[in-house]
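Each of the next two complexes has subunit A plus one other chain: subunit B in the first, subunit C in the second.
Up next, the complex of A and B:
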């Protein structure tokens, strides 16, 4: 026991003396939250709209006003024809274009069907899809009011985004960031700190000594578990204070699940370190083998539904995928263990598996 | 005559088709300083790694301090001390922190650690640097410190793998004084080295060539057997390419 405590103390000293790394590890969640929160927004706000209106009249003016009043669009120009639109898109001064037919007012009076063209800047398919949806909704409402009771049945879909009515991207990225940061702190740092001892030769000293490999590993990871929790708290606080991200479910459950994921990531770090001969290999393995899947195959950046079938199948073995749906469930939907037990069970199973594999490899002291 | 501290019989290790250590047999008595010589790649380090339980032998047997080292179950790690070829204390911990860590790993009480570290640091005059980071002290002192840390738990046998590599002659001399002090206190020392002048200080030496022991005895015996004036000459005669053995 005292050998274990001595080991924890030693690891903590390594961590505390390496000020730069410690600063990076503590600032990482804050910087990530701010970066993602301010730079990578998929919210739809102040979309620059160009309206092509060959024959401006009262009806089209009302439509323009509706767009401005929605708070999401900004009418930057009313053009008589479609010439010059290409340039507008290219220089970025327009993200959405609305092409109206001529004589709208008269057409409405006669009950004609109107063809309105919506052209979006498709360079960012996610947000342009959302923009089009909003534009279509504005047009429908305008049309319904303009036509009044006249004409056949009109179907008005009322679309609501449940849990995230304003489509705040912060609500989605905070859980993903948690997975990302914990993977770095737990898996990457564990892998590096174990392989560092292999490189410097201190691992040999430890293996010759009577300390058991299990004590080496648990002693090594203890400070990183604490650091991981600290990161979770910092991240949640930053998300709450800066972006007002809600935490609808149980805090205790959230922290327990985070604890579980920290152990999963640590176990992965141990598995990597038992295979990698040096720090460089361990780092590359952790980056390519863990961080990339955590970003790409967890539903953090790309929605799982939009992945091709083989990749979607592959995502099932990425622990972050399960962790992400748990955290999203708790934070955004306020879900409890009753709905999240399956994901939790998968994570538990993975953790047990990786811990067994890692411990097996470590237990072989004699080559 | 008491039981040997190290008893190696036909110890062999193969890596694939390459035989790194080929059926070596030797005994080391308690309190003896035994020099383990040989060219790079002759198999010294492989043999030593088997004796400290880092490598399983392909065949043969070896006991250290009365315990078989070829099986994990028998191995008595408390009675073995080891100082590796690379300097291997923690550079970002202080002298005292390193001592405390290894003391704790070997199950020493805080009181024992305090007593022994004062005693050991006094021996090499390092008391003043107790609170300094190991990174900051000169290499010669680091090596002595590593040796003392290897002796901290009072092992019966201590293995030193090229302990004086890259160290100046004065510090080397001091290092050997420490080795003698340990041997006089009853610790058995097995030391590998490239410095043949150092080998003259050993009670007995063995010279390994291509995984086998080519010469074994006191420095005087070995020189007489080969009709050579110095161990240097013996070493060259044995390890020169095309040497007749």
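Up next, the complex of A and C:
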């Protein structure tokens, strides 16, 4: 035990001595959360709209005003015909085009059928779908009001957005970023610190010492557990104070789950480090290998529901997916262990698995 | 020139000697491109819906039928009362709940107006907005249908309808079938090439620093410029190779249309990679150890990727962030890739951006070389 403590002390000193690394590890995640929390939105706003209106009149002006008033569109041009649209799309100076027929107001008065075309830049199918939905809604409402109600049926939907009523992206991103940053930082930290000892040859020296290999690894990892936990506290404080992300569930449960997840990620780092001969291999595995899958298969950016079935199956082996579900559950939905026991069990199982594999590999290497 | 050649040769030997790294450099991007290209979509194909039908009338039944008919909603749970709604939402059994109150049909017949309640799990943000838009569109279509079929309580409004009808036609240019792969594959190619390029460069030089061989190189008559060129050239070639493999996969496996000139894209990639590797180089000059270099690289890459419009629309960002994004090379390269490959733009559209990238590359390299000189002195 005292050997282990001595070892922890040595690692902690290593870490504390290197002020620059310490600052990077503690501050960069915070900077990132602040930046993304403010900047990244998945919703669509300020869509550049071109209105093709051959004969502008009162009715079409009202329609344009509706678009501007919706807050999602900015009318960048009112064009007389469709020439030059292709170029505008290519330059990216327009995202959505609305093509009106001539003589809209007279047509409305006569009761003619009104054909309106919505053309969007389909390069980004995600947001173009959302944009078309919003545009169609604006036009439908305008048309309904323009023709006046005469016994028209209306089903009035009262919409309630649960858990995130304003669709605030910070509420969405901050838990996601926590999962993301903790995964990469923890896995990378252990993987690198262990492979570095390998590369410089000091690992051999440690292994021939009377300290047991398990104690060496735990000793190496312990300071990083504390560091990861400090990261969690900083991020949570930022989420709470700067973005007002709710914390509806139990703080104690949240911190416990974070602690568990840090261990999961660190254990993953141990597995990587036992396979990697040097820091470069470890880094490529931890960063290039984990970054994109964690980003895309954890529900951080793309909802898990929208993944095709094989990829959704694959997402089950991404640890961040389970942790993200836990963090969102506790913070945004106020869920307790009664709801989240499955995710917690999966994380526990993963941790046990990584630790066993890591210890095994280490034992084999010793023979 | 000969010195550069030898140095480049040395770098290549060093890289290719380490088989694991070579396999990683090529396999990680290829596998991820093949797998993840299928992932990215906000489109919620089938929303799991819980229906609380307190009315149990023909009209309410038909409404549920319409919602399911479009294929966007699937009623996985039916209930007569609102008990259990909260749990179903919280446990993600359903993403949306439609509650049709008692007297729905009667109200519609008598007052031509009736409320319904729609509850959505919005923890995933924009997706909820899309589901809401879908639901409202279906409701609107159903309203119009009811106007024709529903009997009226007082016959005042009867008679032929002479009001104007709305015929809304939607078109999507450049990607009419909404094939997400056309959108994702270019984005993934950019991301993966960027990740590999920045990481390798940043790591390579700090490694020499860490083991002390950089000192040895510094005391040789090799000039700074030669050294930098020799360090960057191998990774530039490797990254370009990865990019070209990506292009081949995009065309061969995913059938991404290449409407514009492929040569133009490759030239743009050549310029872009100089910027990317320059950033990696800069990271390696400001950090002391590989560990630091990798962390800084990770944060820089993540900021670049998430603020590039690759995954989320740029226009939605606040204005200051959009200005900040102007300094993001990934953003410009993504613009070029999408404009040329998907929209068929030519040099006249993307030329300015390419010049901008080139200027950025020159600037980054200058700063990095300067910095390097300082740290070596």
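Criterion: the second predicted complex is superposed on the first by the 300 of 367 C-alpha atoms of A that agree within 3 Å, B and C clash if a C-alpha of one lies under 4 Å from a C-alpha of the other, contacts with A are read in each partner's own complex, and residues count from 1 in each chain.
Here is the rule we go by: a contact is a pair of C-beta atoms (placed from the backbone, for glycine too) under 8 Å apart; a residue touches a chain by one contact, two chains touch by 3 or more.
Keep in mind the model is a prediction, meaning the values are calculated, not measured.
Engineer: Now for A:68: first (subunit B), second (subunit C), both, or neither, which partner does it touch?
Structural biologist: neither
Engineer: If we overlay the two complexes on their shared chain A, which of subunit B and subunit C does A:314 touch? Say first, second, both or neither.
Structural biologist: second
Engineer: Applying the document's definition of touch, where does A:205 land relative to subunit B and subunit C: first, second, both, or neither?
Structural biologist: First partner only, subunit B.
Engineer: Touching A:107, do we find subunit B (first), subunit C (second), both, or neither?
Structural biologist: The answer is second: A:107 touches subunit C but not subunit B.
Engineer: Does subunit A have more residues touched by subunit B or by subunit C?
Structural biologist: Ranking subunit B and subunit C by residues of subunit A touched puts C first.
Engineer: Which holds for A:18: it touches subunit B only (first), subunit C only (second), both, or neither?
Structural biologist: Both partners.
Engineer: Determine, under the contact definition given at the top, whether A:3 touches first (subunit B), second (subunit C), both, or neither.
Structural biologist: The answer is first: A:3 touches subunit B but not subunit C.
Engineer: On subunit A, which stretch or stretches are contacted by subunit B in one complex as well as by subunit C in the other?
Structural biologist: Of subunit A, residues 18 contact subunit B in one complex and subunit C in the other.
Engineer: Which of the residues in subunit B come into contact with subunit A in the complex?
Structural biologist: Spelled out, the residues of subunit B in touch with subunit A are 52-56, 72, 77-78, 80, 82, 84-93, 97, 100-102, 104-107.
Engineer: Considering only the defined contacts, which subunit A positions touch subunit C in the complex?
Structural biologist: Against subunit C, the touching part of subunit A is residues 18, 20-21, 24-25, 28-29, 31-32, 35-36, 38-48, 86-87, 89-92, 95, 107-108, 110-130, 132-134, 136-137, 139-140, 143, 146-148, 150-165, 167-169, 171-172, 184-185, 188-189, 192-193, 196, 276-281, 283-285, 287-289, 291-293, 295-297, 299, 301-303, 305-308, 310-311, 314, 328-329, 332-333, 335, 339.
Engineer: Enumerate the contact residues on subunit A facing subunit B in the complex.
Structural biologist: These residues of subunit A touch subunit B: 2-3, 5-7, 9-10, 13-14, 17-18, 200-202, 204-211, 365-367.
Engineer: Per the contact definition, I'd like the list of subunit C residues that touch subunit A in the complex.
Structural biologist: Within the complex, subunit C contacts subunit A at residues 18, 20-21, 24-25, 28-29, 32, 35-36, 38-45, 47-48, 63, 89-91, 95, 108, 112-130, 132-137, 139-140, 142-144, 146-147, 150, 152, 156-158, 161-176, 178-180, 182-183, 188, 191-192, 195-196, 199, 203, 207, 287-292, 294-299, 301-303, 305-307, 311-313, 315-318, 321, 324, 335, 338-339, 342-345, 349.
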